[in-house]
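Just so it is clear, A, B and C label the chains in written order, and each chain counts residues from 1 on its own.
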Amino acid sequence: MKFSLQQVAEAIGGFVEGDGALEVSQLAKIEDAKEGSISFLSNPKYTNFIYTTGATAVIVNKDFVPQKPLNLALIRVLDPRKAFTDVLSFYNESKLKSKVGIEEPSHIGACFSKGENLYLGAFAYIGDHVTVGDNVKIFPNTFIGENVTIGNNTIIYPSVSIYPDTIIGDNCVIDSSTVIGSDGFGYIPNEEGVYDKIPHIGNVEIGNNVSIGASVTIDKSTIGHTIIGDGVKLDNQIHVAHNVAIGKHTVIAAQTGIAGSVRVGKYCRIGGQVGLLGHINIGDKVNIQAQSGVAKNQEDGARIQGMPAFDYNSFNRSYVYFKKLPELLGNHKK
Amino acid sequence: MKFSLQQVAEAIGGFVEGDGALEVSQLAKIEDAKEGSISFLSNPKYTNFIYTTGATAVIVNKDFVPQKPLNLALIRVLDPRKAFTDVLSFYNESKLKSKVGIEEPSHIGACFSKGENLYLGAFAYIGDHVTVGDNVKIFPNTFIGENVTIGNNTIIYPSVSIYPDTIIGDNCVIDSSTVIGSDGFGYIPNEEGVYDKIPHIGNVEIGNNVSIGASVTIDKSTIGHTIIGDGVKLDNQIHVAHNVAIGKHTVIAAQTGIAGSVRVGKYCRIGGQVGLLGHINIGDKVNIQAQSGVAKNQEDGARIQGMPAFDYNSFNRSYVYFKKLPELLGNHKK
Amino acid sequence: MKFSLQQVAEAIGGFVEGDGALEVSQLAKIEDAKEGSISFLSNPKYTNFIYTTGATAVIVNKDFVPQKPLNLALIRVLDPRKAFTDVLSFYNESKLKSKVGIEEPSHIGACFSKGENLYLGAFAYIGDHVTVGDNVKIFPNTFIGENVTIGNNTIIYPSVSIYPDTIIGDNCVIDSSTVIGSDGFGYIPNEEGVYDKIPHIGNVEIGNNVSIGASVTIDKSTIGHTIIGDGVKLDNQIHVAHNVAIGKHTVIAAQTGIAGSVRVGKYCRIGGQVGLLGHINIGDKVNIQAQSGVAKNQEDGARIQGMPAFDYNSFNRSYVYFKKLPELLGNHKK
């Protein structure tokens, strides 16, 4: 995809110094950039590269004064770092926007209600009574079960499975191989010690602006809803069990597992490979260190670590002693 | 899907008090229920809701005596809690039973042997020489390799990959994105310290009444079989390596990993995020706490925790001291 | 698939004693082998089975002298154990080689450049501007995004998702449900404490002779490349975050997670369920025990364990004391 410098400048609120009709098709680090690419200069340590870079254009601070003649165009902005991020977003969004239409073969069930600018990839499967908003992009090989509702601008990458009755909000992104709405892991041992399945008829409800990584699994509730709040960000390979509720704007790193019926508050930060035991309540703004195992309710603002987890500072003090145990207790040994 | 109260009552062994021809299409909590839904009353704390609920019918104990006039039908049963579970099962099974037929396009290889009431979703792929029993449901985008055998009443959800030569029993459920029969992780370092692959030509054999969650991976054996016994329940994102055998009715929570050639006994309960080191033997009825790392054989009935794991009570006593180390050893510090 | 003993002998550098035209179609343990199968005798403990096995042929050491008359053919080799592995490889590779051609329906985008002997399974999706080498096998339901390049002899199993711009080398194997090139988990909290996505425009580059297990996720870099070096072996359910680089011939066991921008050296051995914190450097030949959590840079050759991890021997000494804490400190308690 190619963009004129003028298009880029408009997208990021800057102004072009040079030929606004010049086209760029790539983004690159200033030290690596070649012709046809655009780069940015934010860290003064890299200033020298602007005189040697092959970039067609560089995004610079509005006050930048070159010390030597420049062989390229500039786009002047208030904050070059933020502007570069805006360029990346503009580039990614432009690419996505260009994906429109229904590829064949795909399967569309009865009573499909769709908005504008739908992209439906080949081999995607839409069950009966599915509703999707405007600008929804559903990539190839994805399965959307019956009675699913998907909001505006939501992107679902290849080989995702969305089970029936799931509700997904606006502006969500769901990466490949993720599974939403599978049955919870609920069994009752019968008189022979053999496990009978507890049927699950609930669903999963996902708010707006939620990002869900690759190979995440979110189970439906037994009855009622498993809830992922607005703005929640889930990294790859996270497991969310049945009847869990995660509050708004909570961020969870990869490979964390949340057992059944846990309540997680708002604005929490949970590290990778954490385990949360079933039926506990985690308050708001709780910070859980990676690999911790949480077995108890946590108050708002708690910061914890360990397996089982307790206060972060206390854990780390104890761990200092753990490392020194042979030295401190060596004389007790015999 | 709609059911008459009479149909529901027959499915759960109850009797209707009111109009058996009334139809319900939803199940709901008694406090939330609306017209057209059925609910249940088991906990006496919720008794008051029966006078205000919008439910069309409520399942109650056979001895329930209302204190006020009721504006709904009742289904009287011996055990309302169990009856409600039975309703859920009846509802889910009715939905599944209605899925019959082969959707196009799908791929069916040579010599496909199928039973009655098959459902094969669009974009599902059946390799050569596959055999499936009666009432098998294979959802869209699923891959079944050559020489696979699947028993009666088994359900395979979307985007599952079953590699060649896998054998799956009756009444199994396999959730989305799960992979069964991939090569084991076996390599031999050669003279240059580079790893050569050990070829795997075994398979995976899964018994009857096994449930396998979403995004589980079960590797085939080098030679011989990786075995999942009858009645085993595996939660999401579990990893089972090559040549593992898991005994009957063992239950394993999410994100646990079992390394190569481990033997796990019958009726074990293994928590989430547990790791089992290769080539160990876990006895019957062993209970392993979440996040434990097991590096040694375990006798029948052992209950263990820790990384590495040892006796559950001993671990927890040691952990109490771990938390107090700064206090207990603080004077040793200098 | 059937092979004559002569074909097998040529494939493994042995010579037949008996009828080279006899055909075998299965490989089996000597104690279980039936007619039509081939087995091997390497461990002297199993010698007696050669007189009773049902195998059509057995691979033996070139110096093997039977003590009783034999009712089968022999293939004599220098090293029967290695020869058997070679047979397995020969068998698996013969099966794969026979898979050639493009199954319909599949989706092939614009400007597809392919080598010889391509296998493309039904419901596989190839985006625009994809290049694949000779002998590439792409199984059903797999998604290959635009601008992806795949080297010679690489095998991609069903339901894999390869995002745009990924580069994969020669002789690689990628198992089912794996996701390569999804966006990294990068967000910036804005003034309201809400997270804005950092756009990712980099890619993933995978060297030659790399094996990637099932349900692995490898995120693309923000800008530049996430790199998996030549000869790297990744077990199932591993998570590799954005901007990570893994050195050549490093081997990583299942369910390990590597956070963003980590550098891992060459010839490392990393156990299962390990977590590596973001932005650290792991030297060459580092050995990390299973379930460890690594929060600091590690020098070449380090061997570490624990959460957080430190020297392996020191951890284990400390853990011995941890187990004895109640006994050693019990008198301090009151």
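Convention: contacts are C-beta pairs under 8 Å (C-beta built on N, C-alpha and C of every residue); 3 or more make two chains touch, one makes a residue touch a chain.
Predicted model only: the values in this text are computed from it and were never measured.
Because contacts link each chain to all the remaining chains, their graph is best described as complete.
A turn of 120° superposes the CA atoms of chain A on those of chain C, with the angle given to the nearest 5. In summary, the pair chain A and chain B forms a contact in which the copies contribute largely different residue numbers, shared numbers making up under half of all those used. Rounded to whole angstrom units, the spacing between the C-alpha centres of chain A and chain B is 27. Contact of a single residue of chain C with at least two other chains is seen at positions 105, 123, 141, 159, 177, 215, 237, 255, 273, 307, 322, 325, 329. Every residue of chain A that touches chain B in the complex is listed here, in rising order: 105, 107, 123, 125, 141-143, 159, 161, 163, 177-179, 182-183, 185, 187-188, 193-195, 197-201, 215, 217, 219, 222-224, 237, 239, 241, 255, 257, 259, 273, 275, 277, 293, 307-308, 310, 314, 317-318, 320-322, 325, 328-329. Residue ranges of chain A in contact with chain C, taken from their complex: 27-29, 85, 88-89, 91-92, 103, 105, 121-123, 139-141, 157-159, 173, 175-177, 209, 211, 213-215, 231, 233, 235-237, 249, 251, 253-255, 267, 272-273, 290-291, 307, 319, 322-326, 329, 332.
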